[in-house]
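Please find the structures below.
Heads up, the next two complexes both have chain A, just with different partners, chain B and then chain C.
And now, the complex of A and B:
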């Protein structure tokens, strides 16, 4: 039964919040036990047939507590538990008491609170309670992002996150209030597809949850928050927290009717997010920002799948929609696993070198082989290369889109451009991660810090290995994960759960296994060959220069130069160039910075204008009593005139 | 007969309004206010009564004592304590205040004509007098900088409200009337204390210097 397991998880996490300040070992044990129990409950629901539902007599805010765990929420809960447990283990070594005596205990408490509040977001089934736990979740995340709050940019990132998050929550307040007003109850009883009058509420859902998910124009908070948070926090933010936005969109597009345009808009937003997100990612120099923008891309992929499913739903329940939806749901897991792995790897690099700038790193694979290998595995997965999980889920989305194109309905006009844009995004994702891996791990160290890096310990390596195992597992045996996906799809749309395992998936699994065996064999052969013949080690990037040195290497901006040129219209890079002059040039300079275009060029000026107007209005409040009385008199006279003109008695 | 006397008294009160607006010295301002208070106190007795009502006499007495003696006395004490005699540099100086007050009085009379009044009130100056006094009070509140002048403005404003209240003297319970009176007395008392404190803390009664307290 999932009930007792969930109760145990709840109790363990609450106890973790209480004891987390003092007893770090007990906290770790409780968190791991709690997340394991939660994972077990999610698996029971995913692999069983029945939803878990609990209506208690206990009321909160005059509403009876109503919890529910169905296929969709269990899917997200499983991801939450995996990343929540792994992050707790990782944090013990990454953010130890020794170096952060003040923030480490705080971090433990907020971690438990964050996992708990996200779990509650996934289980509550009442609009009012949803808003409460949603807010709680936003606040816990804020305190985790600003764990290192002595640094100014961390605080700035935290406030930006909080402001953006609340802007989204405002839309959710409107949504749940309108929903409650129209249905007459805050309770969320389940599917209400037949209520056609509720369909317009979908736009509020998309706006409110879209902010949290980081859909392209609403992603403004995401890069700075992910980059400035401690890495284990970035991992859960990127792996799970932004998925809560996806959860909201999936949940309410499944329960409520959607307007006819919803599929088009979602697929369009998804394709835009995917392409522009990865364009921004490619242009970054800060590797955590690169990972953050890559999350925008992956959210885009998930939304393309969901949008295709919505299109299929509104255009006669087409079969290709099921594939696209399955791809989107599986990508939630895939992205959660490989992005958390990559952020853990990034944290390991940051821990060892103290810098996030790729142009100051290089050559780390010698000193950090484990991190390098695991980061490379994550990079392969995120690039959507077989035989890993990223390929499986993206491939399902592609299959859905291709079938939509060949079915020649009106949906083909959405599916074709989306498929093309996804393909471009995929290619650029590969380039981005080739750049990240090469800049950080290959070549020669560019600075002293990079040269003196050290490998992370077992406490950080173990969670990374676990997540890498998930990535490989989904890649090699997608069949094993199919029942869970099918169950979630069935919860989303009742008719869609009966689908048998699609034949391509079976074939894909065996191809992947064969491919993996081949790759392993090739690697073993290369290893043997290199070691029997002996290796000649030389300076990397030694391209015939007389005295090569590390600064001759490509830096991230030069690596990305051409592609960021294609996207100059949106990236708006700021350049400072001093070209070499004369026969014996003494100095030359080229600085390039990619701004947060949406934030700095759109939101920033608009907010500044609003602030100017507000400041002008604020001059009315000057503290002179006489003028205040004048305002009152003027108001009274105006009211009198209004009454006289209006002819009221 | 009493209607004519009442109008005369109200006319006098309106004249005192103008005097209050035109006087630069605080003692004469306070004198004008106290005289107006006494005039107002007499008025309930002049209204036509079918039967003798002891409550009306009580209201009249309390008003005369309160507005004519107690409050002006408090103000004079505050004035002596703060050692100010004269309103310096008002926001609206005396001649413009007088003009505004005169214009307001004319407007009040004109406005009262246009109002749908009960026939027994139409002949009296009660309504125009009330509006004119309130306007005068506002002009003083807006145009003067010293806290004591503002208290006087507040009192004249209250007198205007009192004049309106006379329209309803038979229907307003005594308790309400005395409650208002008590309110005003306490208000002035508190302001007197505050004036004293402001004087001690800032060495000035100029409310323009208090703008930093706005947050």
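And now, the complex of A and C:
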């Protein structure tokens, strides 16, 4: 039954690509219909028992087309369809024809192409075809990121993304070719865990997909691409596209045997990504960059869960591994929902004020109450606070880690530091989003642009409300989502899809419902009480200062000052200070900026050195024939000497 | 029916007894300084008065300014309801409830920081920044303490974690948790609730602009949090599960009183630390909990 739905989704998206340039309404209808159909197919697989598989007679590149939708891919497909549909609705108002006559039609076409190619990445079951659709996906994303390509920094971000993406694809080329060479076929038949000789290929998987996922030292492309892309593109990039990297790691760690060290490395990478990602996020002044770095953190949380599951697999105790894997898989959905919501909120702010600098905003709740409320909800969810979805998935990961520690096996030495690092990352996520929402929405407007903002329309609000509903839904009724997670876990490792819930999700859900009701009741009660007692408006007290003004407020860098001091060794902030001088100082200045440390301090210098060496070597190639003949003769003599010295083979 | 009665009874204990603790601390401080000090029930009088008063709202504040304290109060009470009370057990217990408790405290912190930022005052921004930053280290210390209890008892739910003693590492754990208690409740040497210089405050500066019923909710929530940490500390350290019910109840009450008096004595004898030293002290608390964890690990392996 998923077959016809998928065929319909495919047809709708292809038609969307064709008609997208001219007919925006038809395009929207087709995209929404296609994603809904895809979502239906994913749900059928997740809630049913059987996988969907289709081996066709068509061949592409001498390989027969083989499609498959199992628990793992259906989980990611469901997320793709939700965000893909919501983003299409959002884009209509956010990136309209009126303001962007050239790029809006282009954006529609590439959007459909991106959703389609990601859907194909999730369904193709042939190594060669996987590489083709993977490349297609990378290119669609590139054109969407550079939609506003008149701006220089957008083009730079796009090229950086494309270069990083291809570096990853190179590892994937190596991986799929080696896999095909060792198994004798490009076809991916499914689990091959008994082939122990394939286990070393996992490192290529981790490197290749790790770049796309944005794991910490490989995340260099992510902040600038997410920040400079139009916000609906940032939402799908951050909510879904980087999850394709996670999908690859989950997929092939489930199908292929993994080396014994895999669990240790994945959990270590995850914990590092979580802690350093959020440290960078907290130090940002640009709210879209902050959200981008926060994605690095959340990818870290997912990898910690996956790493724990791999450890459990190699050590033979499956029970806590199941919890951690369930947490990781649920976090894929959770993060997809709240991060898309936050990027939509960020887009709404950007749309209204035209700036991404938090220190130029403030007080927007007055003009943008809907955006402020929804952004606050997303902030609570991303900080992992109860009673929302972020807490549920992080709680499952924590439970897995705690059980690993109490089992006192060798894995405990990985789980223990990971749990403590996750706790610190959680506290810093809370701090980052307290900062972001406060700087953008609270206090007094810091500039004219912020003072004259306007609320977004229904076309942008509706997708945000839908995603907020997902966040609240997973938070209040996690048990409803359990069957899907169980199904995916069962596809990852047969035997892990057991019927019973290993964690008291019902108890947690009911506590969350009680908490939500009490929170609303208490807020309403206190609000009423304050009004019946008499409510008077007055100036902020500010310790008796009589004429406070907007620039006296705490700004983003000062809010993050303490923590970015602790992480100075990696953040390497650039400071510009002009101290006040004399008895009547006229000016003073303090600017602080956190650079892209990994890119500017490590990758940049290394690439520059490679370029210098290459330029020097290039002087050998000057086009003078006689010298080329000299090279050949010299080469022959050298070979001859080598043969003479080494003897005949 | 019994369950509802138990919940109401438990709620009454937390709601009614919590404001006693700040009163006792102030009495101890006054006694050490040779003053008579305010009555032990002063906070009750203050709360009653604030509850009847009107509210002055900053012109910049949104409805979140009043919702924030309400949510924080509910979160703190929710955390308190998860905490077992010695022989009384708990109203609700499930695997992993301890993590919910930690994150409810974080929810309360988020809401307090949110409400502080509403006013656009630089002082309140300063307080909020300090609060959320020091929480990073405090949270690491709490999670480590919880991990050590889990290793000790092999469990992840509060009732079973807290009934035996913390074993050989109890002293280390007690020292670590007491330091966290001082930091989380903004007591000396981390913060001085009585200072009059806004530049040096953390928690008090965040609530500068609150008045009337919201301020009452904040003050009451703060006292619940103090009681929560005292109860946690005593149950983590003393083997209440091994005692008979009356003896355990007596030990719990005596222990909480001892912790409260201890806070009062620390406040009388120590001065507030310079801010740059606060992270050092919190790191020490984290290390104490970490050593307790290692001791629990070695102890349990026998």
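Some observations on this one:
The rule is short, and it goes like this: the second predicted complex is superposed on the first by the 602 of 649 C-alpha atoms of A that agree within 3 Å, B and C clash if a C-alpha of one lies under 4 Å from a C-alpha of the other, contacts with A are read in each partner's own complex, and residues count from 1 in each chain.
As a convention for this text, contacts are C-beta pairs under 8 Å (C-beta built on N, C-alpha and C of every residue); 3 or more make two chains touch, one makes a residue touch a chain.
Being a predicted model, the structure only gives us computed values, none of them experimental.
Of the two partner chains, chain B is the only one touched by A:630; chain C is not. Legend: residue contacts after superposition of the two complexes on their common chain; A:442 is shown touching chain C, with no touch to chain B. Looking at the shared chain after the overlay, A:405 reaches chain C, while chain B stays out of its contact range. Put chain B and chain C next to each other and count what each touches on chain A; the higher total goes to C. Within the superposed three-chain model, A:57 lies out of touch with both chain B and chain C [touch as defined at top]. Contact with chain C, but none with chain B, is seen for A:552 once the two complexes are overlaid on the shared chain.
By the touch criterion defined above, A:621 reaches chain B but does not reach chain C. Shared interface residues of chain A (contacting chain B in one complex, chain C in the other): none. The touching residues of chain C, counted against chain A in their complex, run 51-60, 62-64, 66-67, 69-71, 73-75, 78, 92, 94-96, 99-100, 102-104, 106-107, 109-110, 113-114, 117-126, 128-130, 132-140, 142-144, 147, 150-151, 154-156, 198, 208-209, 212-214, 217, 279, 293, 297, 300-301. Per the touch definition, chain A reaches chain C in the complex via residues 362-363, 365-366, 372, 376, 379-380, 383-386, 391, 395, 398-399, 402-403, 405-406, 408, 416, 419-420, 423-424, 426-428, 430-431, 433-435, 437-438, 441-444, 503-504, 507-508, 511, 515, 518-519, 522-523, 525-527, 529-530, 533-543, 548, 550, 552-554, 558-563, 566. Residue ranges on chain B touching chain A, taken from their complex, read 91, 116, 138, 141-145, 150, 207-208, 210-214. The touching residues of chain A, when paired with chain B in their complex, are 621-627, 629-630, 633, 649.
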